[in-house]
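Shown next, in C-alpha cells, is the structure this report addresses.
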Amino acid sequence: MEQIPFVRNAWYAAAWSEEIGRELVERWICGIPIVFFRREDGTAAALEGTCPHRQYPLALGRLKGDQIECGYHGITFGCDGACARVPGEQRAPAAMRVRSFPLHERGGLIWLYAGDPGGADPAKITEQWLGKPAWTAVHGTKILEGRAQLLIENLMDLSHEAFLHPETIGNSSVAETPILTEVLPDCVRATRLMKNIAPPALFAKFGVSPRIDRTQIAEFHPPYMVLTRATAASTEPGFPTLNFVVIHCVTPETATRTRYNWAVARDYALDDPAVSEAWQTGSSWIFDQDVAALNAQEARLQRLPADHIELSIPGDAAALAARKVVKQLAALERREAVIS
Amino acid sequence: MEQIPFVRNAWYAAAWSEEIGRELVERWICGIPIVFFRREDGTAAALEGTCPHRQYPLALGRLKGDQIECGYHGITFGCDGACARVPGEQRAPAAMRVRSFPLHERGGLIWLYAGDPGGADPAKITEQWLGKPAWTAVHGTKILEGRAQLLIENLMDLSHEAFLHPETIGNSSVAETPILTEVLPDCVRATRLMKNIAPPALFAKFGVSPRIDRTQIAEFHPPYMVLTRATAASTEPGFPTLNFVVIHCVTPETATRTRYNWAVARDYALDDPAVSEAWQTGSSWIFDQDVAALNAQEARLQRLPADHIELSIPGDAAALAARKVVKQLAALERREAVIS
Amino acid sequence: MEQIPFVRNAWYAAAWSEEIGRELVERWICGIPIVFFRREDGTAAALEGTCPHRQYPLALGRLKGDQIECGYHGITFGCDGACARVPGEQRAPAAMRVRSFPLHERGGLIWLYAGDPGGADPAKITEQWLGKPAWTAVHGTKILEGRAQLLIENLMDLSHEAFLHPETIGNSSVAETPILTEVLPDCVRATRLMKNIAPPALFAKFGVSPRIDRTQIAEFHPPYMVLTRATAASTEPGFPTLNFVVIHCVTPETATRTRYNWAVARDYALDDPAVSEAWQTGSSWIFDQDVAALNAQEARLQRLPADHIELSIPGDAAALAARKVVKQLAALERREAVIS
C-alpha cells in the first residue's frame, strides 16, 4: 500500500478534554510537533511545538499566563504564535514566530485544524454521538505504530471481526454476510444487515436473546473519522436491544504512527456502571487486538518491494473507496498548494 | 566484505524436527518470512508466511486441518499454497496464492528448498552424521546478528580457536600448524594435522593422554553447510581416542541475521550421558563466543566505507575459496534468472 | 544547523587518567574507534581500534606486554601500530598495521591528537587550571547523544542558565545582561559582567552576600574546548568571593555522539571536602540538564528539512563566531588533504 500524503486541510481529534490543562503537552499531528495547553480562561490553545531559534521543544518550557517561555533561552510566545519577548533584547523580531493552530472543543474532544487557518470552520467537524442528549459514552486512546490508512481500512471491512475478535464481537455471520458499499457526497458507507444470527460473545454477555438481528453501518468521513452505527436486536420479547455508535478518530502523528482516539456511545442502560465497565473493558481489548494486527501489517509493508502489486477481494470495496477519497483529497491539496 | 546475494537454489536447514508441530511457526530464510507446521499426518509443510491480501503474517492465523486461515480476514490456504477459501465469496481467486516450499526431513532436521521447486532434489542435501548408525549427537541453535558468510569463514579458519576458545578447544598448536586447502568439485576442504601436541582443555577433560595427535578437516559444502571432522588420538595406550563431527548449518534469515543450527556427533561413549552433557555444554559455550565475535565484526563491517580494501593472510585461503564459490553460485543464479 | 566535518588536526580530551590502565578500553573519537591502554612503564598508548584483517575490535583482544593480540585470529600489534606477529606465519606483512595516535597526559587528562602525527605539538593543548598550584578541581564525564557543536554553542551563550538551570547557577540577571563578544587570534571570548545582582541559588548556598558582582568569561578554544572563568564577589565584607574555572572538553565520538569531560577548578576552600562535594553534585546536576536539553535539540534537528533556515538573535553572536571558526578549520583541513 502506497504512503498517502497527509491531508492538512482537516480537523483532527488531537486530545481528550481532560488530557489538556495547565501543563504543556506535546502531540504530533501530520508530522508536526504541536504543544497544547489551556489559557487562564480555560480555553485550549495549540502552537507549533518547536522554538524557531534553536529547535528546542516548547513543551519542555514553562507556561506563564497565556504565554510559553522556551526552556532553553527563554524566548516567549503568545497564543497567536507571535514572539512576545527575547530575553536581553528590547524588541522581539517579527520573524521569530510559530504557527498557531485553530482548535475547537466539543463533546469531550479537542479538535485541531492542521491546514490554512482560513478554512477552519468548526461546522465541518463530523457530528458525533459524544455529549448527545440521552446518550452516554466510554472512551480511550490507542497508539498504532503504523500508517493511519491501515486503521481506516480495518474499520471499513468489519469481516475481520470474525477472525481477530472471535471472543467478543465477531462470529462467522459477520464474515459471511455481504456488505453494501455506497460512495456518498460526504462519506463512504458500508452496510451489513445480519438477520436471525447467533449473537457474538460480548452481546450474549449483555443478555440478548439466543438469536438476534444485527446491523453494522460503517461510515468513513474523510479524511480522519469512521463512525460505526450498530444495533443488536433480540428476536424474542423480554430481551434487550443494543443500540450503539463507535466513534473512531484516526489522527496521523507521523507517516507511520497514528493516534487512535475511540469512544463507544449507547442510548440504553445510561446509568448502569456495569454496562459502561463492560463496554470500556471489551472495547479496549478489541482495539488492542486491532492495533497489534495493524502493527504486524505495517512491519510487513515496510519490507515490500516498490513494485509489489496489492491483491484485493470484493469485500475490500468500501476500504478501497475510502482510500481513493483520501488520495484525491491529498492530491487536490498539493495541487492547490502549488497554484496558490 | 561485500554483501553476497542469497543463493536460492539450495536446501537450507530450517528447523529441528522437534521445533515444528501443530503450532504455526515463522522463520525467515533468505529474506523471506515462511510459516511452518505439520500436517495432520505428521509431515512438515512450509508456506510463504505473508497473506497476499493485506500482508498479515500467516503465523498469526490458525491451523485448521492442513490449511492455514489468515488471522485478519480469514482467507485460507492449503499446503500447496493455493487459496481454499475467501470468507463471504463463492470462489477463491487463482491469483490469491502463496509459495509452497519443498521440505525434506532427515536426521532430526527439516530442510527447505528456497529456489525453483523443480530443482528440489533431496539427494543434493549434504550427507551428515545425524541419525547415522553407531553415532550419537547433541545439537542446538544460535542466532547471529550478522551475515551468514561471517560464520562460514569463521569455520573455515579454525586458527581462531586458539584466541577465541582457549578455555575449551583452542591452544597455540591450532594457530601455529599450517592448513592444507583443497578446492574440490563439491566442497572446499581445509585440513590441519597436529602431531604430538598438548590437548586443549576440553579434550583433557575427556581424559585423553598428555600428548595427542589432533586432526581437523573442515569442509564447506556450498552454499550453507560446514562439516568439521575431527579426531583427538591419545599417543599413549589406555587413553581414549575422540572421533567426532561438528555439523554447522548456516541459514541466512536476512542479509544481516543468520540462524546457526549446530550438532556434534560422535562414535564413542554413545550411551554416556555425562559425555553428551559435556559436549552439549561445551559446544554451546564455544558457539556463543563465536556469535559474540561475529556480531562485533558485523557491527564494524556496517560502518566501513565503500572503498575499504580487505587485508588477508595466507591462513584465509580456505575461507576466501569458500567465499568465491558462494559468489559464483549467486552470480550464476542471477544470470539464469535473467535468461529464463 | 548543518553538520560540520570533524577537525582532525587537533588534540582531543580522550579520557581521564584513572580511566586507562592495563585493561583495553575502546573510545570513539572523530568517528574512529580507538583502543587505549597503558604500557608496562605506565605511559598511555592509543591505537586504531579495529584489526585490519577481519575488522574485529582490538579492545576485545588481549594486552600482552606492550602489544595487543587480536582476540579473533591472534594478529599482534605494537604500540607503533606495526604488526609484530601473524600466528602461523614467518613474517608479519608490512601492510598489516593500524594507526598509532600521539597522546599527551597532563593534569589528569589524556589528550589524543587525531590528525597527522607530525602536527602533534603538546604545546598546542590549551592551558587549563587542572593540576595548577593553589587550585583544586572536581571532574566527571557526560555522554551527549548529539553533535559536538550543540554543546559548544550552549556554552558560548550562558543566557540559558536562567531558564535551564534556575535551581543552581541561573537567574534573570544572566539572561538580561548583554555580553561582549571578541573574536581573538586564538579564541572566541564572550564576557558578561553583572554588577550588584542577587546571587543564584548555588552561590547563595556557598555563603556569598545578598548582593554580588558576578563575572562570566566564556572562551572557546577551537575546535574542542570551552573555558568558563567565573567570579562571584560578595559586595559586603565578611562574605566569600568565589573564583572558579569550568573546563569543558568536548570530544566528538561520532557525528551525533559526544563525550563531555568536564571539570570545575577553584582557588578557594582548597581542602574543604564539603565545598568539593557541593561543586561535584551541583555540576553533575547542571550538566545532566544541558545534556537532556541538547539531546532533545538534536532529535529535532534530525527531522528538519534540508532547506530549513535557522533564526538567530543578537545573543548568539559568540556561538555563531565559534561555529564559523570550526567550519573554517574543517574546510581548511579538507583543502589541505586534497592538495597534499
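Lettered A, B and C in written order, each chain numbered from 1.
Methods note: contacts are C-beta pairs under 8 Å (C-beta built on N, C-alpha and C of every residue); 3 or more make two chains touch, one makes a residue touch a chain.
A quick note: this is a predicted structure, and the numbers were derived from the prediction, not measured.
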{"item": "If a chain touches subunit B and subunit C alike, it appears here", "value": "A"}
{"item": "Subunit B against subunit A, contact positions shared by both copies (same if over half, else different)", "value": "different"}
{"item": "Subunit A and subunit B, separation of their C-alpha mean positions in angstrom", "value": "47"}
{"item": "Multi-chain contact residues (two or more partners), subunit A", "value": "none"}
{"item": "Of subunit C, residues touching subunit B in the complex", "value": "33, 50, 52-57, 60-62, 69-75, 86-89, 93, 95-96"}
{"item": "In the complex with subunit C, residue positions of subunit B that touch it", "value": "153, 157, 159-160, 162-164, 172, 175-178, 293, 296-297, 300-301, 304, 311-315"}
